[in-house]
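Down below are the structures I want you to see.
You will see chain A twice below: alongside chain B first, and alongside chain C after that.
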Partner chain A sequence: MSNIQNEMRAVAKELLESGKATVVLGWEKGTMPYDSTPVMIRSAADVDKLIWDEYCLQNLSTYLIDFINTEDKVAIFAKGCDTRAYNRLVHDRRINPKNSIVIGVPCSGMKNPKVAAKTPEGAEVPMANACKECRYPNPVACDQKIGSDVTPWCTAKDFSDVEAIEAMDADAKAAFWKEQYSKCIRCYACRNICPACNCTNCIFDQSASGWCSKDVNASENQFYGVTRAFHVAGRCIECGQCEAVCPSDIPIMLMNKKFIKDIDTLFGNYEAGLVTEGTTPLNSYQVADPEEFM
Partner chain B sequence: MERVGVFICHCGSNIGAVVDCARVAEAVRNYPGVAYSTDYKYMCSEPGQEMIQNAIKEHNLNRVVVASCSPRMHEKTFRACVEKVGMNPYMFEMANIREHCSWVHAGKNEEATEKAIDLVKMAVSKVCKNEVLQKGHAPVTKRALVVGGGIAGIQCALDIANNGYQVDILERTPSIGGKMSQIDKTFPTIDCSACILTPKMVEASSHPNIKLITFAELEKVEGYVGNFDVTIRSKARSVDMSKCTGCGTCMTKCPGKADDEFNMKLRKRTAIYTPFPQAIPNKPVIDRESCLKFKSRKEGKDVCGICAKMCPAGAIDYEQEDELFVEKYGAIVMATGYEQFDHSVYGEYGYGKYPDVISGLHFERLVNASGPTQGHIVRPSDHKEPKTVVMVKCVGSRDPEHGKSYCSRTCCMYTAKQATMIRDHCPDTKVYVFYMDVRTPGKLYDEFYNRTREEYGVDYIRGRVSKIYQEGEQLIVKGEDTLLGQQVEIAADLVILANAMIPNPDSEKMAQTVGIGYDKDGWFTESHPKLGPVETHTAGVFLAGACQGPKDIPDSVAQAGAAAVKVCALLSKDQLETEPTVSVVDTKLCSGCGLCVPVCPYKAITLETIQERKGGKTVERQVANVNSSLCQGCGACTVTCRSGSANLKHFTNAQILAEVDALCQTMQ
Partner chain C sequence: MSNNAVENFEPKILVFACNWCTYAGADLAGTSRLQYPPNVRVLRVPCSCRVNPQFVLRAFQRGIDGVLVAGCHPGDCHYTTGNYYTRRRFLLITRMMDYMGIDSRRFHTRWISGAEGPKFQQVVTEMINEVKAIGPNDKFRDDAKIEVKAVETNE
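So, the complex of A and B:
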């Protein structure tokens, strides 16, 4: 860990001093031991704020959206999942790859800060949920890389949790999701952190459109959850940040994974965020598309 | 303020016998927005329409809902009706309480009435959100493209050209003429096919309004009705058309040989060739597959070149390559014809292995004076005159298991024609015809069939052939005579199969290129089986001839004329009205992700750069832009757009939500 941290600082220093980058996005230590929060560094003097530990969970590539109209050259540190998010954002034309430098960091899996908060200091903390199922711990694409690649601990997608829900009858499913979304406080943290939720004007901020009101109740909350899952379908890069930041512990990834499973079944296995152009299963038209409903 | 008039139509007893129309009118009378509500026996009738117009004036209505049949049936009628009294036609909305209600819920009058009320409430809720829309205008390129140079294509082009419009015929083979040029005689008059076809071919080639584009294929079709941009691949002919005089010297010494497709491979042709003597243009092409020079080039050598040495005009050009060019057309007629079913799938007919089991088209070449046997009917195997001929009908037709489920329509007549021709040429030859049914509807067709049996003594046996096998020099044909209920065995010298007509093998790809529909067999789909037989669902694209389904020559010619009239009606306009029901993008909401671009079937969406003020400075960003002329209003982009910036006019998110809300309120 510390070797990587030293390298990060050295790279950041070099980029800022040489002027290749005007901003470096990384992580710094937060108030709690299980907090590693994003930090924006503009001066080479500040590079020692940068840290690399087992809580650098947060994906930094979404911050690049804010730099699309600036003159800045932004360097970001990116884990495997973060590079998939970066690719997705480039694909959605929401960030400018010419303005950014991606420094890939192979990751051995982050720890679950929510569990850590409830665990006595020094005791073993399990991996974050999404990290447990991670198939891309190494950057899928980057401008330069720190550290050496790790061996992925998962090779295939694990849909056992989705299958458990699928096995329920319709009433049980409805009851399950109703209970989950009755906890939702509509803080929109899941949306704000999501690299696939990158619209300039989110539909949930257009209350006059009539799609979804601001009311916090079971019906509107569920509509919000389902609609968001539809909106990221085929573009979710499985970073699990939505679920990690949810203050109400709603199993949001369960719904996203259901979509991933269905897309794999209907259109063949698909991995979001590996490329930056071309069509995706849900965003293409071919003359030969079957019209089974006709 | 919305003042909606609601008019419930009984459609005689079509709706009225199931739905209580008066109750529906009563139920929505006090629904929000409704100012007037009534019911009437036939809303589409003149008094019905007057009723709507009077109500608009008397009750100061600004929106109208008619609950009746499908919008496909009468939306135009009612839009015109309200427009006559000054209402914007898009302030009219139709609730389908016939196809969607009374017809499918017959006998459940109470539930059907409840459903009709819901459907009307939904329409009222939508019409309240409707906006005034104006039709657009697009220019018309006054030139047509006819794809396919068979009799249908030639006739269609002639008809268009004689109406004073420019027309191009695109033909993929080296010559126009199509299947009709391969046929010897035509039923029911037994006049020479070439004699009636070649004058038309000559007329087409010399017509000032017709341009022939032969040995070329359709590559891509872009644009829309009135303004198609068609990319054409002109295949390398290896002969410079501008220099070639068509003298034919090049063909005399060509050592390359290939099966002669025009003569159904019954003889060989040279590698540089014209398909038949009356070919138009009568200028040869080099078949690079069988040309010694091109074959040797593949092996790194460069031999032969005799044709170039022979050519007095220096027209041979071995270096020619395929050329792509784009032409503009206002209308397209598909006249791509048919192919003959391959009977080799039938084990009982010998899998196509017996040389003396031939198809109908083979026979046409055998009996043709310029064919491989100079018109003598002989067996392909030993060139002896057959003494017994068996003809088998429905080979591939009406056989869903091995062939096609449909009837090919022409076979009964061409079999009768060929039977009489055999009897004419070889009076001592016995002819048997195995048939399932004889179908001869058509002017003088049944008379012809009766003559075949009665005057020409052709023996018709009702039943299918179960097996054909070779025994010595003869073919043993086994079958059943179902009228006598006994097995039949005939020792035949020649068997002629009446093979089905099938679409061109690439008809589906062709349909996709042009953007028209096709059925399960690959025939192009007309817009309406009865009332739109030459139109397609794509505006500006029409059908002529057998590409739409099996047809004989008179039907193909008639359809070609019909398609030509439709084309001329289109080209006679200086401007076309375009529907305003297209997608629009709210650039304020658009993120410019571009995901709508690949989902658009009409390639109507592009990303354009806009400037806007952000944080005190002007910045540029990309947003989606819909070409309203190309957009067909399918709505694929609107469901792709997460931020809801793409919206389909007349089917806006707000309008559809209003309908959903209306439905959900009654459900609660």
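So, the complex of A and C:
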């Protein structure tokens, strides 16, 4: 890892000194060993803050939205999932690819910081949930790359957790989701971190519209959960950031993966975040789509 | 839920009807004097594609027992392609509702044309009977809101 870290610092230094970039987004060490937080570097003197370890989980691509109206030239380090997130944002026209430089970093899987926080020091920490199922650890697109590609440890989508819920009876399903969403505090962290949740005006910020209330109860929280999952259906790039940041440990990916599974079954296998042009499953149709409504 | 309560239960069914076909179909059912139980409220929308899934969730939250989304047959949409999007959207939402534990008999999407008065009668009658048999919806309901509403109307 330290070789990659050294290379990152060297690349950042070169980009800032040459003026090819005015800002570099990377990770620095946080307050805890299991905590690597985003850092914004504007001066070549600060590049030694940059680190690369097994907790560089957070996706940096979403920060590019903040630069859409600035004159900055932003370089970001991006793992496989981060490049899919980058593509998502370019596809949604929420970032300007001309003002950004993507430095791809092949990833061997990040560790789960939530578990690490409860694990005694020195003990083995498992991979983050989304990383366990990751099929794109290598950058899917980038301007330059650091390190060499790894062999993906998953090749097919794993829906066994979704199938386990599907197998439950209706009352058990309802009870499960009610319990999960009763824990939601509507902090909107899941939305804020999500590269697919990139709307300029989110409906959940417009409570006067009558669409959504700020009441925090199981019904409104489930309305929030389903609505957000539906808004990202066909666009979610499976980075698992939403679930990773949820302070209430709500299994948000179970919702996202349900839509992914059904989209694949009904409309054909779809991989979000691989391209930046063309349609997505829910803004397109086929005349020959399954017909169940006759 | 006692059997008695289910027997006396009159479900509330909300129909989102596309202006150009299903609404005309419902009208035809009326002018043809086709009888169906009075548990239905029809809400007219410009196209089935106008029905955001949030409308359906909101209805269940506020105490509706069954929802029908109805529009023109594929190929007949007044806006040419609206109902193809409706179809994709509701294929997914129907499955998501089931996943959340809402009985799939409570939520239907159907294509009903302006000439299909009898089909409108048949679809809503079947739905009312089915929902009557399974009882009131208690999933997803926002009971706090419903009570507040009741107090306001009593004033």
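As a convention for this text, the second predicted complex is superposed on the first by the 284 of 294 C-alpha atoms of A that agree within 3 Å, B and C clash if a C-alpha of one lies under 4 Å from a C-alpha of the other, contacts with A are read in each partner's own complex, and residues count from 1 in each chain.
The rule is short, and it goes like this: contacts are C-beta pairs under 8 Å (C-beta built on N, C-alpha and C of every residue); 3 or more make two chains touch, one makes a residue touch a chain.
Only a predicted model underlies this, so the values are computations on that prediction, with no experimental measurement involved.
Visitor: So, does A:167 touch the first partner chain B, the second partner chain C, both, or neither?
Guide: A:167 sits against neither chain B nor chain C.
Visitor: See if chain A has more residues touched by chain B or by chain C, and give me that chain.
Guide: Comparing chain B with chain C, the partner touching more chain A residues is C.
Visitor: May I ask you to decide whether A:211 touches chain B, chain C, both, or neither, giving the answer as first, second, both or neither?
Guide: both
Visitor: According to the stated criteria, A:200 is in contact with first (chain B), second (chain C), both, or neither; which is it?
Guide: A:200: touches chain B, not chain C.
Visitor: Which partner does A:223 reach: the first (chain B), the second (chain C), both, or neither?
Guide: Only chain C is touched by A:223; chain B is not.
Visitor: For A:156, decide between first (touching chain B), second (touching chain C), both and neither.
Guide: neither
Visitor: On the A-aligned overlay, A:285 touches which partner chain: chain B = first, chain C = second, or both, or neither?
Guide: A:285 contacts both chain B and chain C.
Visitor: Does chain B (first) or chain C (second) touch A:92, or do both, or does neither?
Guide: The answer is first: A:92 touches chain B but not chain C.
Visitor: Classify the contacts of A:175 with the two partner chains as first (chain B alone), second (chain C alone), both, or neither.
Guide: Touch status of A:175: second partner only.
Visitor: Looking at the overlay, what does A:123 touch: chain B (first), chain C (second), both, or neither?
Guide: Touch partners of A:123: none, neither chain B nor chain C.
Visitor: Please report the chain A residues shared by its interface with chain B and its interface with chain C.
Guide: Touching chain B and chain C on chain A: residues 211, 282-283, 285, 287.
Visitor: With touch defined as at the start, can you tell me which chain A residues reach chain C in the complex?
Guide: Those residues of chain A that touch chain C are 165-166, 170-177, 211, 213, 215, 217, 219-220, 222-223, 226-227, 229-230, 233, 255, 258-259, 262-263, 266-267, 281-283, 285-287, 289-294.
Visitor: Spell out the part of chain A that touches chain B in their complex, as residue ranges.
Guide: 68-69, 92-94, 198-203, 206, 209-211, 231, 279-280, 282-285, 287-288
Visitor: Touching residues of chain C toward chain A in the complex: what are they?
Guide: 53-54, 57-58, 61, 74-75, 81, 84-85, 87-96, 98-103, 108-111, 139-145
Visitor: Chain A touches which residues of chain B in the complex?
Guide: 512, 515, 588-595, 598-601, 607, 614-615, 619, 621-622, 636, 640, 642-645, 653-654, 657
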